[in-house]
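Notes for the one structure printed next.
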Amino acid sequence: MKIVYVDFVRFTPTETDLFEGYDLIVPFNNDANSDIKGYLVKASNTSELQKKLKKAKGFVGVMSEDLKVNREAVMRRKVCVILDFEGRKIDYTTIKMAKDKDVIIEVSLSKFLRVKGLKRAKLLDETRLLLKLLLKFKTPFILTTGAENQLEVRPRKQLYRFFYFLSKDGGIDCVELIKLAKENSNRIFRKLVDKKYIMDGIEILDV
Amino acid sequence: MLKLKIKLGSPAMVITDEWIGMEVEVVESSNPCEIGIKGVVVDETMRTLRIKTDRGVKVVEKKGRAFKVKYGRWLLKVRGDLIAFRPEDRIKKGIMLIKKSKLAKIDV
Amino acid sequence: MKGLPPTLRKKRRYIAFKIIPEKKTKITTRQIYNEIQQTIQSLYGEWYGCVGLKLEVFYEENSEGILRCSRDKVDATLAALTLITEVENTKVAIKTLGISGTIKGCKRFLNGKEINTER
Amino acid sequence: MLRREKKLERELAELRIKKLIEMSEKIKFEDYDLSRRYIILARKIAMKYRVKIPKELRNFCKKCFYPYRHDRIRVRIKKSRVIITCLNCGNVKRVPIRNRR
């Protein structure tokens, strides 16, 4: 079967040749007027999250700095993705729970583009640990650009190669990582687009 | 609490329905001999299905296999991991699985 | 004196890349080379920092170029290229077009134009 | 927390019980043991979801769960009641016949 690649971005995308190799770009932008889009929820504390989630529908992504908010978000049934940015905090238990609740954890590239120096070094280290945990628990995750503007987008090959190198350097099973990332990307694509894909493990072959 | 409306005949409900009497074909399996076993389910336990084929009754494990199933007007492909419960537990656990899974299309 | 046997020679890879600037600003060869060099320096430091970098060609009109690096550090160089966001205060994105073992092979990734390198 | 959908569960359970018992009825002359197995499954479902097995479907032995088959039971009418004796286990079921007033 053909592998499809999904990318999450935070703006309304227009054509660029940087968007090379992606089959579906999901804008997490509540103003975007494309058919397939994510619903972005930004929250700084848990009560705000709960309030905002009441209105939310569809493919909901939560973006938050707070560890407690992220943990709460994983437990909510509506939340599909925990979005990534440079200040996100996520821990062992959250990742373990995400596996149980089938919440996708996004690992984005563009957070590295926004910071420099020691901060970036720390971020790289954090991401390595995150990837290690994701592999350990087999939590669904997706490698994305997570771009906030056009110039933060990178072509697919570059993105996967980057994470391949990052994990290989950190002593993580890089082949497995890329394999899982592709599988998950496939799954998300089919969930969002394919009407014949009912849920994980059930699909219509013929009427 | 948000209530889910699961339609009774929707294709996602295969995992809660009775498999005995269904026409089943093994599509995916780590054991190549099992692929292509086709017939009617005669009995079901927690981990296995007994399928009555032209060449006698075969016992196929549920976990790690995928089955092609005729259900209602659909022809479905169902992963065996989803039905790997006791037959009577499947009603409760199946509904839970459907409720738990994100973006499941339940109102077809 | 014979040269080094092929097994012991430095293996090289050539990376074709393209710079996509925010506005239509021209980026000079010097600027881009400095930026790449600096990024690699800051990313990998002195210990791992030597990747055998050389900017073989760079066409300022369509901002495409070919970069040389050693074979076992291709991934490192690519990662550094992806992380470049700025060249001399203009925001840019770098798109790698392809990797090849020779400059000649690398040229097919470039804009399809016949460009002769005299060196 | 996810909540159980008990109503839906019971609805499904009733459907499945009906299906199973009908199936056991169908094959009881070919495979007696299998048809007993279906009844046990149906009973398990009924117990788990606290659904009653409808009266018209309850024609199996209460003790050994073998479905009633004309050559394995004895039916006698005595003292204004029907006495059904299961010949597999010897269990006796008495159904009184009352006059309708």
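We call the chains A, B, C and D, going by the order they appear; numbering starts again at 1 in every chain.
In this section, a contact is a pair of C-beta atoms (placed from the backbone, for glycine too) under 8 Å apart; a residue touches a chain by one contact, two chains touch by 3 or more.
All figures in this text were calculated on a predicted structure; none of them were measured in a lab.
A.B. asks: Greatest Cα-centroid separation from subunit C: which chain?
C.D. replies: It is D.
A.B. asks: Once you find the CA centre of subunit B and the CA centre of subunit D, what distance in Å lies between them?
C.D. replies: Taking the mean C-alpha position of each chain, the two centres sit 26 Å apart.
A.B. asks: Quick one: subunit A and subunit C, Cα centre-to-centre, how many Å?
C.D. replies: That gives a centre separation of 30 Å.
A.B. asks: Roughly how far is subunit C from subunit D, going centre to centre by Cα mean, in whole Å?
C.D. replies: 79
A.B. asks: Report the inter-centroid distance (CA atoms only) between subunit A and subunit D in whole Å.
C.D. replies: For subunit A versus subunit D, the centre distance works out to 53 Å.
A.B. asks: So which bits of subunit A are touching at least two other chains?
C.D. replies: Where subunit A meets two or more other chains at a single residue, that happens at 77.
A.B. asks: At which residue positions does subunit B touch at least two other chains?
C.D. replies: Touching at least two other chains: 99-100.
A.B. asks: Give me the residues of subunit C that touch two or more other chains.
C.D. replies: Nothing qualifies.
A.B. asks: Quick check of your reading of the touch definition: is the inter-chain graph here a line, ring, star, complete or other?
C.D. replies: Topology of the interface graph: linear, an open chain of contacts.
A.B. asks: Each pair of chains that touch: what are they?
C.D. replies: Final set of chain pairs in contact is A-B, A-C, B-D.
A.B. asks: Tell me, which parts of subunit A touch subunit C in their complex?
C.D. replies: 16-18, 20, 109, 112-113, 116-117, 150-155, 157-159, 161-162, 164-166, 168
A.B. asks: In the complex of these two chains, what residues of subunit D are touching subunit B?
C.D. replies: 2-5, 8-9, 11-13, 15-16, 19-20, 23, 34, 37-38, 41, 44-45, 48-49
A.B. asks: Within the complex, which stretch of subunit B touches subunit D?
C.D. replies: 1, 4, 6, 8, 13, 16-18, 20-21, 42-44, 87-89, 91-92, 95-96, 99-100
A.B. asks: So in the complex, which bits of subunit B are touching subunit A?
C.D. replies: It is residues 2, 11-12, 14-15, 66, 68, 73-79, 81-82, 97-106, 108 of subunit B that touch subunit A.
A.B. asks: Within their complex, state which residues of subunit A touch subunit B.
C.D. replies: Interface residues on the subunit A side: 59, 77-78, 80, 101-103, 191-192, 195, 197-207.
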